Structures are given as C-alpha cells and as structure tokens.
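Residue numbering begins at 1 within each chain, and the chains themselves are lettered A, B, C and D in the order written.
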Amino acid sequence: MHDVNWEPRIVAFFCNWCTYTAADLAGVSRLKYAPNVRIVRLMCSGRVDPQFILAALAGDADGVLIGGCHIGDCHYVEGNLKTLRRFQMLKRMLAEFGIEDQRVRLEWISASEGDKVRSVINEMVEQLRPLGPLALRQQFKDWDREIADGDPVSATPAAAMHETEAAHA
Amino acid sequence: MEHSPRQIMALVRADFKDEVLRSRSIWLCASCYACTVECPREIRITDIMYALKQRAILEGIYPKRFPIPILAKEFFKMVHSKGRITETLLVMRLFLKANWRAVLSSWRQGIGLIRTGRFVLRHERIEHRAQLAAMLDSDVRHEPGSASKEAA
Amino acid sequence: MKYAYFPGCSLKGLGKAYEESLLPVMERLGVELVELDDWNCCGATAYMSVDESKACILASRNLALAEKTGSRDLVTPCSACYLVLNKTKHYLKDSPEIRESVQRALDTAGLQYSGAMPVRHPLDILVNDVGLDVIREKVVRPLTGLKVAPYYGCQVVRPYATFDDAWNPTTMDRLLATLGAEVVPYPLKTKCCGGSLTGTLPDTGLRLTYILLKEAVRRGADVIATICPLCQFNLDAYHDQIARQWGPVPIPTVYFTQLMGLAFGLPESQLGLNRNFVRMKPLPAIPAKA
Amino acid sequence: MKTNLSNGEIRIGFYICHCGHNIAGVVDCTAVAHEIAGLPGVVVSRDYKYMCSDPGQELIRNDIREHALNRIVVASCSPLLHENTFRNAVEAGGLNRYFFQMVNIREHDSWVHTNRAEATTKAVALARAAVLRVRFHRALETTRVAIHPDVLVVGGGIAGIHAALTLANAGKKVYLVEREPSIGGHMAKFDKTFPTLDCAACILTPKMSAVRANKNIKLWTYSEVAKVEGYVGNYTVSVRRKPRYVNEELCVGCQECIEACVFKEGKYPDEFNVGLSKRKPIYIPFPQAVPQVVVIDRERCLQLKSGRCKKTCIEACADRHAIDFAQKEETLEIKVGNIIVATGFRLFDAKRIPQYGYGLYPNVVTSIELERLVTSSGPTGGEITMRDGRIPQSVAFILCVGSRDFRTNRWCSRTCCMHSMKLAQLVREHTGADVTVFYLDIRAPGKGCEEFYDKSLKDGIQFVRGRVAEVTDWALTPEEEGKLVIRAEDTLAGVVRRIPVDMIVLAVGMEPQADSQAVRRLFNMSCGSEGWFLEKHPKLAPVSTFTDGVFIAGCCQGPKDIPDSIAQAGAAAAEAMALIDRGYIEQEPNTAYVVEEDCSGCKSCLPLCPYTAITLDGETHKARINAALCKGCGTCVAACPSGSIRQHLFEDDEIFSEIEGVLTHA
C-alpha cells in the first residue's frame, strides 16, 4: 500500500485558446479545485507530442490531462482532430503497457467553460486516488534489475520508454 | 394561507424554524406541483413542503386535532396493517379523531355514497401483509426529506 | 397489446366507476390489462408527508411485482399512483440514500427491481399506443353536440409530464374530439381540485373545486371529463356544500373512459354512470345504422 | 545541438509577484523566491508587491544591467494578461524579449486554491519548470505583417452603422454587410428612446442617410458573409448577395412599381411591423429604408413563383428598367484587414411561456408589437388599439418574459425595465389607460434612468413586485368578465392578486441570434454556453475576441441598450483603426521550421497544415515551411516522425524541461 500522504500528480497540456483560457476564467471566477494539476501551455492541443505524455508518466506523473477546443472550434481549424486521432492510438499503446485508462484523459473545454476545468480536474483526481501512484520510475528500476538478473521478458515495452525518458531527462 | 410558498422559502433560508413548522401553509400544499414546474429558480417547492411536513410530524409541531397530519398518520397505520387503503373507513377514522361533529354534518354525503354503491365497509387488504410490514420495518429512520434535499 | 395493470385503492372504492369503464373500453380496443397479483397501496401523497423512504418502499414493492410479470409497461389510471410510482423511479435514480433503503426492503422480501419499467397512464396508452384512428373506428355513437370540459388535474402532467405539456396538455382534448364531442376551451384544465383538502380543510379545498365547476358552467360545458378518481370525487360529491356557500353549479363530472364507453355503444348501466351524485343526462338513442 | 547552453553562462533572474493579496494571500511568495534561488543558474530571486507596476519593471531592468542577467522568469498572473508587459521590460533592459518565461500562479494557483502549503508547493513546481525551460530560450525576431486598411462590418443595426461611420469618417474604406433589405436593425422600429424620450427615427435616420452618402462605405444589404479566410491584417471574405430582383443602381425608390403590383392590397405579414400589417410581394421595408431600393419577395411574387404574371411592376418602372427578374445570387470576394461583428440579437419567443397566453389571447402583445402600435408611422398611425379596434382602458406590463428564468434564459436582458417604463408612459400619454407594471426588480442603473423610474411612479403608473403566474380569461367576479386576468403574488403587500385588464404587454427579453453558432464558427470566435459572443477579456478587452483582427460590438456580445451599443461600436472602430494606422502587426515568432538535414521527405506533414504552409521542395525533396503562412499551432511538429520539424517558443527541449520541472520533488 502506498504512502497515506500520497497525492496524485497530474500534468496538463492545455491549448492556449480554449482550455488555458478556461482555466484562467476558472481563476477569475475564483472556482476552487484540487491543487494536483500542473498546467503546461501549448498553442494547440495538436502540438501534444505523444512523447510529452510518455515523458510525464515516466517522470512520475500519475496522470496526464490534455485540453483542447471543442471539435469544430479549433483556433487552427482542426488541430484538435489530429489530437484526437493521435490520442486514440496512444491509449491503445498505454493499455499494452498496463497503464490504466483513467490516467490519460482528453477533454474539450471551451474558453467559457471555467466550471468544466474545475469539474474535470476534481473528477480526475478522485479517479486517480483509488489507482494509487503510477511510480513508473520505480518500475523502471525494478525492470532494470530484472534485466540485470537475466529475465528480459517483462522488460521490452518499458525499456523503450525508459530510453525516451533518459533522452530528455 | 398565512405564508406564500415564496415566504416559506425565505423563512427557511433565514432559519425561522418555528414559524415555518407552525405555519398552516405547509399543510395547505395539496401537491399539485404547479409551483415546482413554474419556479424560475427551479426550486422543487412541493418536495420541500413534504420535507417540512415530515419534520413537523417528527417534532410533533402542529395544531391539536389538525386534520391533515392526523390523516397522514392514519393513512400510514392502515397501509402498514392492511397493505391497502379503504377510503371510506379512513375518512371515518379521520373524522372521529379530528372532529367528530363533522361526521354529522356530512351524513348526507355518506348516504349518497351508500346509495351509489361506493361506501365500502369491508377492509381491502393484501395477502402478503407480513412481507409488506417487514419491508417497511427494514427501513431505519433517517433525516426526513433527505431525498428531496439531495435532488434539489 | 398487453400491459401490467395497477388499479390503486381508489379504483376499488370511491373510484369504482373508473375501473368499471376502463376495463371494457380497453377490451373493446384489444388492450389487455393484467392486474398485478397482491399489489399494495402506492403510498399516495399522504405517505410522502410522513416518511419519504417508506413511501418509496411501498411503491417499489409494486414496481418489483410489475417487473416480475415481464410486461412491457405498467399502467395505472389513478393520478396519485401514477405520480408516486414515477417519483419513486426518479428518487431511486437520484438519491443513493433512498436507493439503499429500498434495496434493503426488497432484499427482505426477496424481490428485485431494475428501475427500467415505464409507468404510464391509460390516456398515454390510448392516444400514443392504440392511436386515435383505431379509436375512431370503434365509435358507434358519436358524442356529437356534447360539450365537454377536459379536466386533467395535476399529478398526471406534473411534475413528470412525459407524454404531454405540464401547463396546457391536449391529449384528452384530441381523444374527446375523436369521439365526436365538442371540447370547450377550459383554461383551468390543470388547476388543482383541492385534493384531500376538500375533506381536511373544506374552506380551502372546496373553493378550488367550486372555481373549477363554475368556470365549466360558464364555458357552457355539459359535462366535465376527468382522468383521476380523486378529482372525480371532489367535483362530484360536494355540490351540496358548494351550493350552500356559493350557489349551485350543476354540472356532472365523469371519467373520460365513461365517455369512451358511451361512444363505443357500451350500455350505460355497465359504465358505472349510476354511481355519480350528479348524473349525466342520457345521450340520445343510438342512431340507426345507415 | 540539443541544448542552447553554448552561448555562455546562463544567468537567470526570478521574480515572484504578490499582486497585493491576490497571490501573497495564498502563496508564500518569500518561500518560493527562496526555493528558486537555490536552482542552478538563478542569480537573482526576488519577491515584490506588484511586478507589473513601473517600479516592478524597473527592478527587472536594473537587475539585467547590474547582474548581467540573460534570462528572466516572472511568476505572477496569466501570460494572456501581462506577457507583453514583461517582454517589453526585458527588451528595455537590453535583452531579446524572448529570453523570458512567465509563470501563472494567480489564475491557476492562488485564485483556485485555499490551502497555503499546497498552493505554495504548486507555485514552486510551476516556477521551477519555467526556470528550467527558460535556459533553452533563444533570441528570436518578431516578424511584421502588413495590415490591409479596409474593414468589414457585419450587421447594419445601430452598432454596425456607428462603427462603419466612425471608420469611414476617418478615411477608412468600409464594407457594411446587412442580411435584411435595409439597415437600421431593431432601433428603426422604435418610436422613442429612453430615458430622454427623444424620437428614435430623428436620431437614427440621419445616421442611415450618412451611411448611404459616405463614399468610403460600400453598403451591401440583403447579403450575408459566406466564408472568411486568412488572419489579422489579411482576411479574404466571401459575401453572398441575395437577388432582390431590382437593380440597386437603377432603382430610384419612387415605389411606383409597388403601387402597380397586381396585388392591390398587402397580403403578407410585414416583417418591419412584426406582422401587424400586410405588405405586397414587392415592397420597401419601411419609408426611411436605406438603401431606398425596392425588394421582391421570391417566395411570394407571382412572376417568380409561376412565371405567369402581367408584370405590371415592369410597366410602372418603364424606361428605368430597374426590375430584373433574371437577377441571380452572386458571391463577391473582398480583402480586409479587420472585421467588426455587430450581428445583434433576436427577441424571445413569447409562445415559449404558454402561461402568459401569447398567441392564445389576441390582446396579449409583445413589447415590440406595442412599440409599432405607438409609432405614428406604424400600422395604426400611432393609435394604441386592441385587436377589435377599441382603445384599452387598462394595460398591464409583465417584465422578465424570457429573462432571469432558469427554464428559459438566465440572464437579465438589461433594457426591458426601461423599455417597458417608456412604453408605459407612452400608453398613458396616448390613451389615459390605467397602467400596471409587474416586475421582479426594477433595474434602472443608466444615466437618467432611476429618475425616469421616479417620473413613472409620479405619473401614476402602478408597480407591482412579483412574477406573474398566469394570464387567463376565466372570471370569478362580474368585473373580470370579458377581461384578461393577471394572477400574481404581490410580494410587497404579501397577497395573491387577480387584476383584470384589457391589454397585456409582455416585455420579451433578448436572445442570441438563431444562427449565432454558425456565425461564431465563421469568424472563429468563442461564445458562452448561452450563445453570446465572448470578448477577449470582460474588462480590459471588451470588444476584442480571441481572434486578432475580429472585434465585436453591440448586442451580439450580450444584451445592452443603445448608448452602450454605440460606445462599443466606437471602441471596436478605434481598435481596428489602431491596427490600421500602425500599418503592421507583430507576429509571435512561434512558427514551425524544418531542420533540413533531419527531414526524410516523407510528406506526412503536408496534409496536416490547414494553411498549406508546408510544401515539398522539388529539388531537395525536403519539407519547407512558409513562415508567413504558418500560424504556429505545432500540429506538424508533433507529427513529424523524424523530429525534423521544430517550433520556435515551443521547442521540444523547452517543453520537456517544463515537464521535468513540474514533476521534480521538492
């Protein structure tokens, strides 16, 4: 069982035009939500490279939240459609890793939906609590030890991820 | 009606508990739900009235011989023991407890009911009375009006 | 078409005539109503005032019994039953606390309820499942010239108005017109009849009843058609008291199913019309078939 | 070249802003500054009361000089608010403006959290991320794009008219596009305006004529914007011109054709009189219409419908030859630098509240219908009559119909209180009828408005506070026979009242236009859930949108009265002019670029770009990005399989270091 003081940590990638602005609006409206999210601003959710998500998870984030404009409302016409397609592929891959579905989430939040920022973040934090820490870093260590001990079977996908992490650490 | 529904809401909000529970207004609600579908703030007034009635019965705050809570209680008892309601018997019971003189004043109506074959004197009852009683008894009492509060 | 049928206490007592007219009319239209075995009181409005969760337990036993029959829908003619059964469905969905109490009670009795079965009113069944065209075909004695004030009362249309508008319902208007009757505009069609207040606080309750009767008379109606046993009782049984207090407002109030029965050519004696305090004038004899 | 640390030692200055109590009330700013001071490369770490103030900026400038700083991080409010302020300060201090990173610890931290420890931890994490990130920042040049000087104004109501005139008077060329056959909008239908009771036509008509006379304004009525492409300074707009079957250049507005139409009487509901009068298939919307050009209703005209008409209109037009049944819809393309959207509102449909009997009882009318009845140029010549021609003895107004109501519209429509009081005064003046106004709250905050309310009270208008439950015709007493009865709780008297009256006026509220969603998409704007267009900042940028070069004015942004609409229109015109007169805009250099040696020429990026900024070089077989076309979304960057596409300001290493920064445990 994990540490009782453990709090889920979420890295969020928000597009500049809709979701980041919505988060600003949540602030201006003084809505209160869980302090577990760290927002990284990008111009468009289309900029979210799957590697960012992997790097966040490998860096011991417990969840990743991506926020973009509603379909049809993208500031760059259809960047969010590209995000959606990429996201669906990534989800399949993460499932292969054994990473729970709730840990990576994509939400369309328009500039006026400050309240949705609040509810999505609160909901996600609550969904991550029962899952406990992802602790990929520790897992990598364990897997490394297994490789050292000569058991390569369980290490294959994670090793690829580890490289990614190492490259950007 | 001493307080309009709007005034009842305002009194509840301002925490005038006694005034609200002693008000005849909450008993005057006949549950037609007109206010509920009408309210521009989508307040479920009828359900709140129910919650207030439950509270008043629970705390025993209502006028003596006031017929509505008596009807509610008699209704409750009859269902508990028979499973069904026999309206004519229920009304007689109510009149006896609340105001026996009323029985005299509505004798014409009683005769009318007998004449039209609607005066039922035999208790309607269900077969599995014990089952129903067990179901009702399985319910431990909790705060009245909890459902309407949540839903509101 | 086959439906589970919950008559409710009133239809076995003061509202006998409702059942007496409903069943043959439905039969004439090929609708089979199968009465629930050992149903209990729905709880009505009175029970809600005492204990909400117990009221829901009462209703849930009936809902569970209905589901056990495997029927598609549960039909109930009484407005209070219709409301309480639907309300219980909603509460079970929205309130975890009620859900828990009800589940415990159902477990006690070894019953199950999924919450899926719709609870519907005969008016809904007649107009939306059977259809006005089918009904029109069965009319042998059109109610031509009969001016009817359609009175819906409260609890079928509010707050769970699933098949009609909460303020200005028209289902019964259309049905009555199909029978050949002349439907008079009746703005009070969803106003409260006083409910149980006519008995408990007559000063308040009877005034509401009086207003309904007076306006129907003012509109030139011959008869008020109703869909609820309590409404029928209130509008029918207090003419003496009302006349003493405000003057006479002589107009009969009958169930819409009674008017259907008349239009279908069913004998008046079998439709419970003789149970009224204020009797409806007999219709002209059935015209000879051309 | 993975990192950019080669150009000498990194010297970072970190500043955390208290923002008075806004940040410091929740975040321990001193602790954050202390924590950040320990990070590698951080030379200066300070907290200060107001970083955006002059002394705050001075602090940055001085430190750059004194401590030879070459990277600046400010933790304060949202970058959408003050990023430019601090970039300017950095530039003034002698650094490239992009050696700067901002941390949002107000909107995203202190304003949304309450626990001091948690909020402080979050602030440290966000600040650390920025400090790690800023090390990778590079010197970038801002690019300039020329602004096309012409402006498109969409919507010819009072807001659009005022914006167009303001720009045209300053010598700018304006295209004014209006959907209806005439400009004028809702205001043209009004009789008088509150609170001064000056005649609406007297103040609007001169402005409409000025539009027609102004050589700088190209007026296209009966037209709609069909397509918008491009970006601030360089929009290409397609305008669809519906056929009116009358040549605008040739028609002189003599209206002889209308007289000559085979329909001797009006037959179809007149839109301008909201259906209170009838018009012919050939008509002019109203006497003061601009342009003074006839229009033919294609759905109603015999010739257009069946081709079998005597065409008496053409005879009447004689040698002017203005009528042209062969006219076709045409689409015109224009280039503009800025767009002002002033598409207005629509009125709430009173039928949605059946309790008030609109459509059921003939003498229940809406406020705009009464407005037409009051007007001397209206269908009754200014006489307030009921449908049977009688003059009402008693009139009631019901306020907030379709406003402040969770079941319909939650917002206050802002004008109905004043509008109804104006109409109430006019009703008293014209008929001497008893007037009762049912209200929830009287909202009269404008200049002279509360005084107008006082005057209404003194004039003997009755005010009853309470939302009306229903309007009905069932009568309880002889006095109620033949009347409409209002049932309402008088919340001041504490009683439920029944008030019989002859006529009832529903003060219907304002709603977004039915096609507001389509229009919003057309111009790439945002709108709130209710459908009003969203301004960039509710206080600081009330007429800007999130799309540069697109401005909003008037009621499309939310309900407002005429003075407010005009103020916004002027503001939008000024914003557009500020861009035009500068002549160029500075673009964020956040464009994507290709590192040629890494590009494999796989072409997977080509279809991703909605602006066709990416092409394949025919000779080198490598992708090439046209920086002038690139908008900087970064979608291609994320998709490039070889990692050869990069994005300025959002480089991979910048983002990776930000991710690392937010996740590093303290």
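The working rule: contacts are C-beta pairs under 8 Å (C-beta built on N, C-alpha and C of every residue); 3 or more make two chains touch, one makes a residue touch a chain.
These figures come from a predicted structure and were not determined experimentally.
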- Once you count every C-beta pair in contact for both, which comes out on top, B-C or B-D? B-C
- Query: With chain centres defined as C-alpha means, what is the inter-centre distance between chain B and chain C in Å?
  - Reply: 20
- Task: Please report how many Å separate the Cα centroid of chain B from that of chain D, as a whole number.
- Result: 53
- Message: Need the CA-centroid distance for the pair chain A / chain B, whole Å please.
- Response: 54
- Whole-angstrom distance, CA centroid of chain A to CA centroid of chain D, is 34
- Provide the list of chain D residues touching at least two other chains, using ranges where the numbers run on. 355
- Note the residues in chain B that touch 2 or more other chains, in rising order. none
- Note on the structure: Each pair of chains that touches is included here, namely A-D, B-C, B-D, C-D
- Task: Enumerate the contact residues on chain A facing chain D in the complex.
- Result: 9, 11, 16-18, 20-21, 23-24, 26-28, 30-33, 35, 38-44, 46-52, 55-56, 59-61, 72-73, 75-79, 82, 86, 110-113, 118, 168-169
- Query: Which positions of chain B touch chain D when the two form their complex?
  - Reply: 4, 6-7, 38-42
- Item | Contacting residues of chain D [partner chain C, same complex] | 354-355, 472-476
- Interface with chain B, chain D side, in the complex: residues 355, 404-407, 467, 469, 489, 491, 494, 496
- Seen from chain B, its contact residues with chain C in the complex are 1, 27-28, 30-34, 36-37, 44, 46, 50-51, 53-54, 57, 67-69, 71-73, 75-76, 79, 83-88, 91, 94, 98, 108-109, 112-113, 116-118, 120, 124, 126-128, 131-132, 134-136, 138-142, 144-148, 150-151
